[in-house]
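Read from first to last, the chains carry the letters A, B, C and D; within each, the first residue is number 1.
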Amino acid sequence: MVSISTRVGKRKIEEPVMLASGILDETSGSILRSLESGAGISVTKSIGTEERKGYSTPIVSVIKTGMLNAVGLANPGIDAFLEEFTEVEKKDRIAVSIFGKDSEEFSYLAKRVEEAGFGIVELNLSCPHVQGFGSEVGQDPELVEDIIAEIRGKTNLQIWAKLTPNVTDLIEIARAAEKADAYVLINTLKATGVDIYSRNFLLSNKIGGYSGPGIKPVALRAVYDVFRETGKDIIGVGGISDWSDAIEFFLLGAKAVQVGTGIYYEDYAIFRKINEGISNYLEQEKFSSLDEIIGLMVRK
Amino acid sequence: MVSISTRVGKRKIEEPVMLASGILDETSGSILRSLESGAGISVTKSIGTEERKGYSTPIVSVIKTGMLNAVGLANPGIDAFLEEFTEVEKKDRIAVSIFGKDSEEFSYLAKRVEEAGFGIVELNLSCPHVQGFGSEVGQDPELVEDIIAEIRGKTNLQIWAKLTPNVTDLIEIARAAEKADAYVLINTLKATGVDIYSRNFLLSNKIGGYSGPGIKPVALRAVYDVFRETGKDIIGVGGISDWSDAIEFFLLGAKAVQVGTGIYYEDYAIFRKINEGISNYLEQEKFSSLDEIIGLMVRK
Amino acid sequence: MNFSEIKEINSLGRNIFSIRFNALEEAMPGQFLMIWVPGIKEVPMSISSMDNGFEITFKVYGEATKKLSEMNVGDRIFYRGPYGKPYPEPVGKTAYVAGGTGLASLKPLINKHGGDVYIGARTKDELFLLDSNFHISTDDGSMGFQGNVVDLFLSIGKVYDTIYVCGPEIMMKNFYDRAGRKYGKNVYFSLERLMKCGIGICDSCSINGFRVCRDGPVFSYDEISMMDEFGVKRRTESGKIELMIKR
Amino acid sequence: MNFSEIKEINSLGRNIFSIRFNALEEAMPGQFLMIWVPGIKEVPMSISSMDNGFEITFKVYGEATKKLSEMNVGDRIFYRGPYGKPYPEPVGKTAYVAGGTGLASLKPLINKHGGDVYIGARTKDELFLLDSNFHISTDDGSMGFQGNVVDLFLSIGKVYDTIYVCGPEIMMKNFYDRAGRKYGKNVYFSLERLMKCGIGICDSCSINGFRVCRDGPVFSYDEISMMDEFGVKRRTESGKIELMIKR
């Protein structure tokens, strides 16, 4: 088998497919299950300073081209989260996603994460459906810069900045986040859905985030644009449901990928399937390592 | 059959389904064919001041969740365009889409359109893949305001402003365009696609516009947001491939819809099929006119 | 999202109702639906019959079930599914041990395969769908055996080849602890946990890495044995883990 | 986008080549592919054989065809399709009237159904795939009848029940004007127009509201009769309409 190991920031990662934040990563049992299923790294659900119940159901809706969700940043809060994870092994393969309203909250959370023994923090600067958080923060370049500088100053964590595609100028935001070790692109698209027989929104929150196959073309464009402009490490996410999708991201510059909604289609087997598919592709196409194809279409 | 007539700005329209700009509307023969096939109004391909060849092939690529295109604003230029259309009948059911780089070009084009006997101009403030035009113009609120004011001042045309969803704050742009008679929402999403066996972009221009079923959730959200905030007339477009898609747009506030990529799936029959489907739905759900459902989910 | 017109709605006991509606989908005993009450919420419900359309049987707890109980024949019921893994087919002598509305989930299996039914409830009024040869227990002794259904089961002491258990988790834990090992491989538990998505992506129903909605709701004795949270800890809506309190 | 490895590549005449490759798709005579030469462009090509994989037969005009002509066995060829409406089946005595590479499109039909073949080219070197009983014309008289293929067809004067015509539009217009009415219903023309999308959405191939790529490329005499642009006007890449000049 051709090696598929990769490197993101200072982290070597054996399998380049990760579990995306928010999908089966609220409970420690599920995080471990994804790691055992072949995820190189698993990112936790986004954790905030306080416990949040999230929105009432329906919080997800499967549509033809993917999925809509408005979970509402449900999370147990940093205290309960860390308590649950105290005894958990493989912390080196868990990235903790955090969200906050300002640099103070973010850096507080990051410090707690570091103290608890984790090495990577993913910043949710991009969730599109909760007021005051996520993309509302991530659309403001100064705030983004500030948050990353704070965390950088106060911790030794690897910082992954997860950006929103719901902006006029993604490059501007990427530049603001350039002190991060890597970009994670993209979070969901702001979207909605309707049931015409009840004449109600598909989600209790009305507006939600759109994920799955339908957003892949937008995610690929984001990765391409940001890689071309910044050359920095990128983790591609959005609409990956098989190995060929992953290859597309690598060719445009992603050093690793994350999978969320794909799990709905393929269940936990998706991690191994993609890992194997990548390896087979490299072999068949006569490449000797994953590195050789990363950014191949941008460099040439 | 329940009446499906509608009204956009000052225009009464018998069938609420229109042909979207850029699809089968470069030649007068095709424009007439769509009108005969049940389109209430057909919008022409976007016309500029000068002839443009557009990009080389491939200019479109069908993907799983829709279509990517980068036609590159190919058009014969306003002179040749108007010459071809001099003798064409049904001008009252043809909206002319125009694009330019500033208010001068736009108002020049609009005047020519009016002189030639047309009554509606659709402003392409949103095509995502040509430098200096389309969304690059449409992302600048002042420019948008200026363009519309100029056309308003110099013509009596009905003005439809077609906006880009590729912005941080669509409402800001909508407000800038509020002197228009109606908004057309949305144009394509900026996106790209990759062929992993040739390791080339699917489009010669690399970056293109994403249309079809995969963008419907984003289009619905745009219509909902803008209708809720402005209450103005909206023409919904993006991913409509059957009558139920159209109903979703009406429920969120669209007074009419446009169909582009849907023609690839259903051919010209799509107009009649959607018209009939709307009428059947209204009857089955016991509404007595299309008006009753327009914005129903937003008003209540 | 699917919808169907309600064909039948019945009141079966105190605050217990069943609703029957046409459905084109196929389902197997043990599977569930996500029932959407637009404007209120979406809740998981076992399919209590799949012979002639679908039927759900529920107790009124809060807003969603209240609204459902007030619906009329001809109204639309919205649902998605069926979801989840069904009960395996029974082998040999079969028992069903149900607590409260847990009977709803077991009913299609009982109707199809027969066997001994043990059913427990707090009080007489909460019993429903009774058949004259069911073994009955009530906490308050208002009908049948006084005590819980596990006590009842053990007191009768019959031996079975296959046992299905569905009810409050505390009751199932009780069964697991006291009778489970004896029957080992052939006991199946149908779990109920807080569910948000119903399709295995939100993690809200997970118990030690098993998703009740997708890996379950039916679990074998061996699977349950891998869950140290079973009957001990549960998750709140935020995902916070807490000790389970007997309700 | 599909791709396949080239199995065979042949030079058939001056600047005329054929490429054969495996394909899983089904195709019918008259249909075409969009052949993608990555980094250069995508061009429409008739399927000149669909018996053993697909075959295309082309003349080198510009960049794309040049690059194709330089490809080797084992190289990948990228394509999408088949697209377009096929030729209807012939009835009775059949003739094929081809100009230049128009023969490529007719070839599968000729092989399948037989009949009389009339083929014209500018000069001997541009003739390919010849069979000893083809009727041949060259503009310069270097082989066969001197003149164009329509002159040849009329000069022979045989009568047919079905006629297929494929070649430069000017030549087809010539046939339409001089012989078309006589055969009326049973003449089919396969058109070549500038094509960008190949799938009926960009309008670049349209002629009086008929899309060559989707409504054609094969049109009946009656359809052609509705096209006042046929043989008279064409579209440039911008969509501008202009008078057709004989090339």
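Keep this in mind: contacts are C-beta pairs under 8 Å (C-beta built on N, C-alpha and C of every residue); 3 or more make two chains touch, one makes a residue touch a chain.
These numbers were taken from a predicted model, which means no experiment stands behind them.
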Overlap of the chain C and chain D neighbour lists contains none
The chain whose C-alpha centroid lies farthest from that of chain B is chain C
Between chain A and chain B, the Cα-mean centres are separated in Å by 33
So, what's the distance in Å between the C-alpha centres of chain D and chain B? 36
Interchain centroid distance [CA atoms averaged], chain B/chain C, Å: 51
Counting only residues that touch at least 2 other chains, which ones in chain A make the list? 197, 200
Name the residues of chain D that each touch 2 or more other chains. none
Mapping chain-to-chain touches, which pattern fits: line, ring, star, complete or other? line
State which pairs of chains touch, listing all of them. A-B, A-C, B-D
Spell out the residues on chain A that touch chain C in their complex, using ranges where they run on. 23-27, 29-30, 32-33, 45, 51-54, 56-62, 67, 71, 74-77, 80, 84, 195, 197-198, 200, 202, 204, 260-261, 263-264, 267
List the residues on chain C that touch chain A in their complex, please. 1, 3, 34, 36, 38-39, 41-43, 76, 78, 80, 196-197, 199-204, 206-211, 214, 229, 235-241
The residues of chain A that touch chain B in their complex are 63-66, 68, 139, 166-169, 189-194, 196-197, 199-201, 206-207, 210, 213-218, 220-221, 224, 244, 247-248, 251-252, 281, 285, 293, 296-297
